[in-house]
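Two complexes follow with chain A in common, the first pairing it with chain B and the second with chain C.
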Partner chain A sequence: MERKLGNFEVINSLIMMSIADIVLTSAGILIKEVNSASLLTSCLISILGIFITFIMCKLSKNFIGKDILNISEYLGGKILKTIVGFGFVIYFILILALFLRQTSDAMQLIYYPLTHIIFIIALLSIATGIIANFGNNSIFKATSLIVPFLYTAIFLIFIGNTKNFNIDNMFPIFGNGFNHSFIKGLTNIFTFSGLSYLFFFPSKLKKPEEITKIGLIFSILNCVYLIFCVADILFLFSDTMNHSQLPPLYISVRYIEFGTFFQRMDAAFIFLCVLGLISALNINLYFILEILKNITNLSDSKPLIFPCLLTAFGIALGLKQDSTLDFLENSLSKILFIVFTFVVPLIIFIGAFLKKKFKYNP
Partner chain B sequence: MKSVLKWFIIIMTIIIFLYAFSSSYYSQNIDHLDYVIALGIDKIPNSDNLSVTFEFANLGSFSENASSEQTEPIINTIIAPTIPNALTIMNAYIGKQLNLSHCKVIAFSEDFAKTGILDEVSFLTHNIQIRPTTNVVITDCNAVDYLKHSTSSLEQVLTKYYDIFPTSSEYTGYTSNIPLGRFYENLLDKNSGAVSILGSLVENADSKNENPSSSNSQNPDVSTPSKSNHTSKSSDSNNTSKKENESTENTITNTVQNTRPDYQSFDPKSAISEGDRGAENMGLAVFKDDKYVGSLSTIETLCYSLLKDEVDNFVLTITSPFDEAEKVDIKVGDLSQLKTDIDISKDAPVINIKFNLTAEVINVLDNQNTPYDKTLEKLNFALKEYLTEEFKSYLYKTSREYNSDINEFYKIAKRKFITNSDFSNYDWANKYEAAEFNVEFNEDIITTLIIRHEGDRV
Partner chain C sequence: MNIKELFSYHPKQYYNFELKPTCNALQNFEPAPKQNVSSNIELNLKYIQSKYQTNINSDIMIRTFNLIAQNRTYKAFLVYIDGMVDSKLINDFVLEPLMLRSYSNTYTKNSNQLTSENNYNISVKKMTKFNLENYIYDSLIPQNNLTKKTELNKLVESVNSGNCALFIDTLEIAFDIDIKGFKQRSVDTPQNENIINGPQEAFVENIRVNTSLLRRILNNENLIIESMQVGEISKTQVAVCYMQNIINPELVKEIKYRINNIKLDSLISSGQLAQLIEENEKIDIPTLLETERPDKCSKFLMQGRAVILVNGNPYAIIAPAVLIDFLASPEDTNLKTLFANFLKVLRILAYFITLLAPGMFIAITGFHHELLPTELLFSILASREHVPFPIIFELILMEISFELIRESGIRVPAPIGATLGIVGALILGDAAVSAHIVSPILIIIVAITGLSSFAIPDFAFSFHLRIYRFLFTLLGFCAGFIGIGAGLLVYINMLCSMNSFGVSFVSPLTSSLSTHLNSFFIKPAWKYEKRPGFIQPKKKYAQPKISKKWRY
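== the complex of A and B ==
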């Protein structure tokens, strides 16, 4: 019997998934796409994100303690549950592979220039596999320990860079135009990537009835992190550094110097990020295993750890060209996020709600 | 059997990873690295090649047995078509791997900067080892000579000197802290111009820091100290021979008597200091697109720093309004951030700048006849007139002469546009050349002064 999770652990896990995505890709993509309007777009995305989370949490309240797979089983039987489950497994494996590749690329560039990428990806995969063997207890407790540090780091980065800021980088306020900034820009709601995992948590919560509270706290914390992150990059160098192979937030940390004594903040930031990214990889793997366990009725998911990691390892290794990686980051993962985080859960929730409401009760 | 197999797999995995990561560990081991503290990049005349000079930290000076005397830096030069190629050749030449993570200064020669340096700056900015806070210097001589003469007996550790020299901008305004990251952003921006620190050799630099052991240059063409466009090189032979006889105790830089009426408007290319250092950093180099177009004098640099709100306080010397033969020293500080408003309704942008300054006269004035408030009024008027003239001269120089918006007024103008395309249609980059400037100051800048009366003398 697995230990039930507290609200603090769940919020931290959701935040961790969003932070990993914001630090590695989405903040850079947002600024690249909407330019000087990125702060305004971030605010708009935040409002929309909070609103959608609230609606979804309210809908899921009709099925307290049930995760999205249970609800889809209620709606369409085992077939729908299997289809939805496999859809999410494919989506999460793709995210796992992307995280593996991006983290390994950054580590190779910064610390291991002469080590082949295959060994770095393998090392991260094995580390993820070993942690997964210890079960959810270690994963969620470690995440709860790391996230407050990562969260504090963004405020320190922002404060440390204040003297280098140019607030005028946020003008013209509508960036590349109203449509570009607000209609197309809204697709950047994938900065709420932690939301994809929220509806797998209800069955694992100590207090499943508090899912709305968890969802709202997560959304608000996610917004604050996103806005600080985007503001830091935008005020510091706008999209000038977007051509770099390194995440823009990491480059912004390299600008920070607290006098002549504290000058290399980037080393501490990288250390925190690597710990956080390993946590994110583990949370992702944990849900892949849980979904597979649920749809295949396996009693123990441990034998699936290394096959799943091997698949992600293979995909990560296959993303050799920058153009492929760009396509996955900028286009495919955005579409998949919108489909699996908003469209599929919303259809399932509304369908299940209607079924429950109009169910014939003799 | 299962346990043995498990341990075998674990041990094999560890061995494989140890082997895989050992190459990176070996190459980045502190014993196998040579730390570059400054880079100098020159263009070889009539050739496509670059002369890339590496200044290394002399690690012996950090050891316990090191003497308190200043150790000479190690300078090596490589001729190569590109910087990455020069790095590769230098790696092979020195037998250790170069590490640029402690590089504090990147110097480009003026002649090279005139041809455009975007490719080189772009490579250096994206190099993972070079930090965006590294200072960029454009030298009016060969970069290799600038590096050779950039030593100071007042600071034993050269890396520390490179680290702190731009901070003088905060209390003099005669130079500015220009980090590589900001320089690169401005080079890429077609609306703004870029600036960098201007490095020069002092009058008799040839006689300073001549150290054969440090001159490992492989290129005789660029190792000969020479000032491009500079005619007064080592002209003071008496002074040079006198210095040869003196010991190294002469360490404090002395300002040389300048015959010009207002020495703050001196051309930074004509060095005015002499001392143990052969190089100085005063003034700024101005870029349009990625090409060097000209320089700013120290007073112009002060104007730039004030407009960028980078200087805390500074000292100005103006001609006394009471006696033209007298000078008045005024310490000026910033009361609050300046207000800039740009009118874009006309064909050419009209830039209105309003300063809020505070000042005190730091020398005691000998004035018996004029009342205190009248003296204050006259001094305020003289200071405002002086500042207005200098600012206008500086601003029109950046627009009319250089067509380079180095103070990034366009960012303020952008506030008035809704979208980027609207701003692009306005064509700021070309309209800045015709910009008009209005400079205003607060009513009473000078608030304190001391007047010596006849009765005060004993």
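== the complex of A and C ==
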């Protein structure tokens, strides 16, 4: 029998997904887009993120203990459930492939310039596959062990860099203009990437009635994390990081000097990041497998681990050109995030709520 | 030898023995059919003789004699195993009363025993028919542990365990007399779990001595010691000990269920039993704690865990066990909080050094030079200047040499062991550096790793670290920190996937339950209020909020 998850494990898993995304891309993209207004935009995104999470959690409270697939089945039968399920599977596989590619690209650029990327992607995929074979319980427990270290690392990076900070970088405070910073900048809400997974958790929770609490704690922690990351990068760099292909947070670690013994701490940061990124890959894979298991009525999803990973591996290898990768990172993933995290769940929740209302009060 | 023989042909004689499969192979795990004691003593005697094959078995003793009661002679015999019984007890308290006193207790022809009772001043005489069975049980054998048995199989089991069986003609029962008297090791100091501050007693091979050691420490009637047998042939006695008022009953049920459902011929040791009742078959990380210390067992019993003892083994199994238990020393609770915590942190550090140090060294020297100060980096590179081998070869060579020294140090006689270790390490290390086979810095890494592995209190646990260390070394060599990071995450997930009797192996690290007795840092003695929550004990509190009543 599958073990039910505690609130602590769920919050950590959601944060892990966001951390991975923020470290790899979203913090960099946000700063590239809104420049000096990024700190203010982050605050705005944070408020909006908390608000949307609250609304969605409240809506999902009408169906305590039911995940989004169960609710879609209630709304539109097996057909809708299958459509929604496959939609999420495709989205999550794309995210998995993108994660794999971005992580491998960063690693190759930093440490293995002479190694073919296929080996790095293979290493990460194999590790993900082995971990997935240990079962679902281990993924969430391990994530709970790692997230506090990652969270602490971000604060340490922030503290370590304070002496290099240039507060003037946040001016002009509205960046490229109000419209550009706050209207267009709101699309960067995809920094809340963990939110996509929140509505798959209710059926796995020990206390499903506490989903709102989980959602709010996650949003608040995510905001704190985002603001620290963005502030760290913004105060440290002016325009130089726009041209770098490396994750900006990694570059910021290079500036830290902890005495004379440790010259540069970036290797230690990479070590910690690898733990986090593979955990994120595993959480992603877990949801792909769970959705497939749910829509196909399989009793065990283990045989699907390597086919799913191979698919992601193939897609990751196929993303050769920078332009394709840029399009996926900056445009497609944003749109897909908004569709699968806000639009689809909102439609399903509202539809199911109305159906329930009219069913019992015709 | 004559000349004819000298020149004659003698074909070469080869001694050839080949073990062939036996044609009447026995492989039956079903229990033997029941057979009861017969009233005909000859049948019983033949059964015992054939069961023990007394014509070839030299230590099985069958002593036949005559028992006279009521002027009638009954044939009788005793069966026991020489060396397992106390001869003095047999002579003085079994044979003497049966053979000598029975002569003095001769009765008249129609003698029925008379007993009288006084009720309401009326004397009533009851006629009790003479019963040989009761007479022997009540009057002849002055033994505290004497039982009547009807099944021959059970009698044979008792004789095998060191008891003596008494068969008497006409009786359909036999007496099982406890006169065990084999030589055994006395209670001694622990051999492998030494501490400075605390009790210095260790378990021995005899299960009864071990249970008495636990009873002596806990002094409570709630300590239950349930006995069961494992092994179709060996019938090894196994005792499950627990505090009835503290332990979760489901845990006891599960332990008994697993032990009762082991089908094998023989159980020799507690290590073997631990493997048979563990949940994790594919992962070679121990999930049950083994200890030779009764005080450690008592501490865990009071937390709500179970202790399993195996006869013939000086180690007890503690179930369930979690990761932190393997890094705790029995001394922790006896020391001041600060010292105990310092030692615990040191052990946790040793855990990571044992597992990761060689891999990290290879990763840093191969991929992440920037982590080291330039001077140190130059010094490492300079020390490796004359070494012709790749660093991975150097490291694995030294690690294997270290393991060889350690293994040979254990196997050789004790007085030589320590010398061998020191001489081996010093001479080998020095010679390897002088011959430019390895660099001096590598010797330091290997030595620190080796020392750290000795700081892990549990031998089985430290063993798994020694093996996994090689994997991390290879990962560090192949992919630097990324390889080690991926490997470490797999390892963490492996630990997280493990359970020990339904308890997560990484508890309480990932649970929010209050686990004062077993949390990461040790609390002062007056703060052990709650028992570990992850064991779900019946009694949640170990002491009141204020235990130092004298102060408040």
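Just so it is clear, the second predicted complex is superposed on the first by the 357 of 362 C-alpha atoms of A that agree within 3 Å, B and C clash if a C-alpha of one lies under 4 Å from a C-alpha of the other, contacts with A are read in each partner's own complex, and residues count from 1 in each chain.
Methods note: a contact is a pair of C-beta atoms (placed from the backbone, for glycine too) under 8 Å apart; a residue touches a chain by one contact, two chains touch by 3 or more.
Since this is a predicted model, take the numbers as computed values, not measurements.
When the two structures are aligned on the shared chain, A:124 is found in touch with chain C, with no touch to chain B. Shared-chain residue A:339: touches no atom of chain B or chain C.
In the superposition on chain A, A:255 makes contact with chain B only, while chain C stays out of contact range.
Residue contacts after overlaying the shared chain place A:137 against chain C, while chain B stays out of touching range. Contacts of A:246 after superposition on the shared chain: chain B is touched, whereas chain C is not. Contact with chain B, but none with chain C, is seen for A:116 once the two complexes are overlaid on the shared chain.
In the superposition on chain A, A:270 makes contact with chain C only, not with chain B.
When the two structures are aligned on the shared chain, A:350 is found in touch with neither chain B nor chain C. In the superposition on chain A, the residues of chain A touched by chain B in one structure and by chain C in the other are 111-112, 123, 260.
Per the touch definition, chain A reaches chain C in the complex via residues 6, 8-9, 107, 111-112, 120, 123-124, 127, 130-131, 134-135, 137-139, 141-142, 144-146, 260-268, 270-275, 278-279, 282. For chain B in complex with chain A, the residues that touch the partner chain are 13, 16-17, 20-21, 23-24, 26-28, 126, 128, 131-133, 160, 163-164, 179, 181-182, 184-185, 188, 408, 411-412, 414-415, 417-423.
Those residues of chain A whose C-beta lies close enough to touch chain B in the complex are 35-36, 109-116, 119, 122-123, 126, 164, 166, 168-169, 171-178, 237-238, 240, 243-246, 251, 254-255, 257, 260. Those residues of chain C that touch chain A in the shared complex are 364, 367-368, 370-374, 479-490, 492-497, 504, 506, 509-512.
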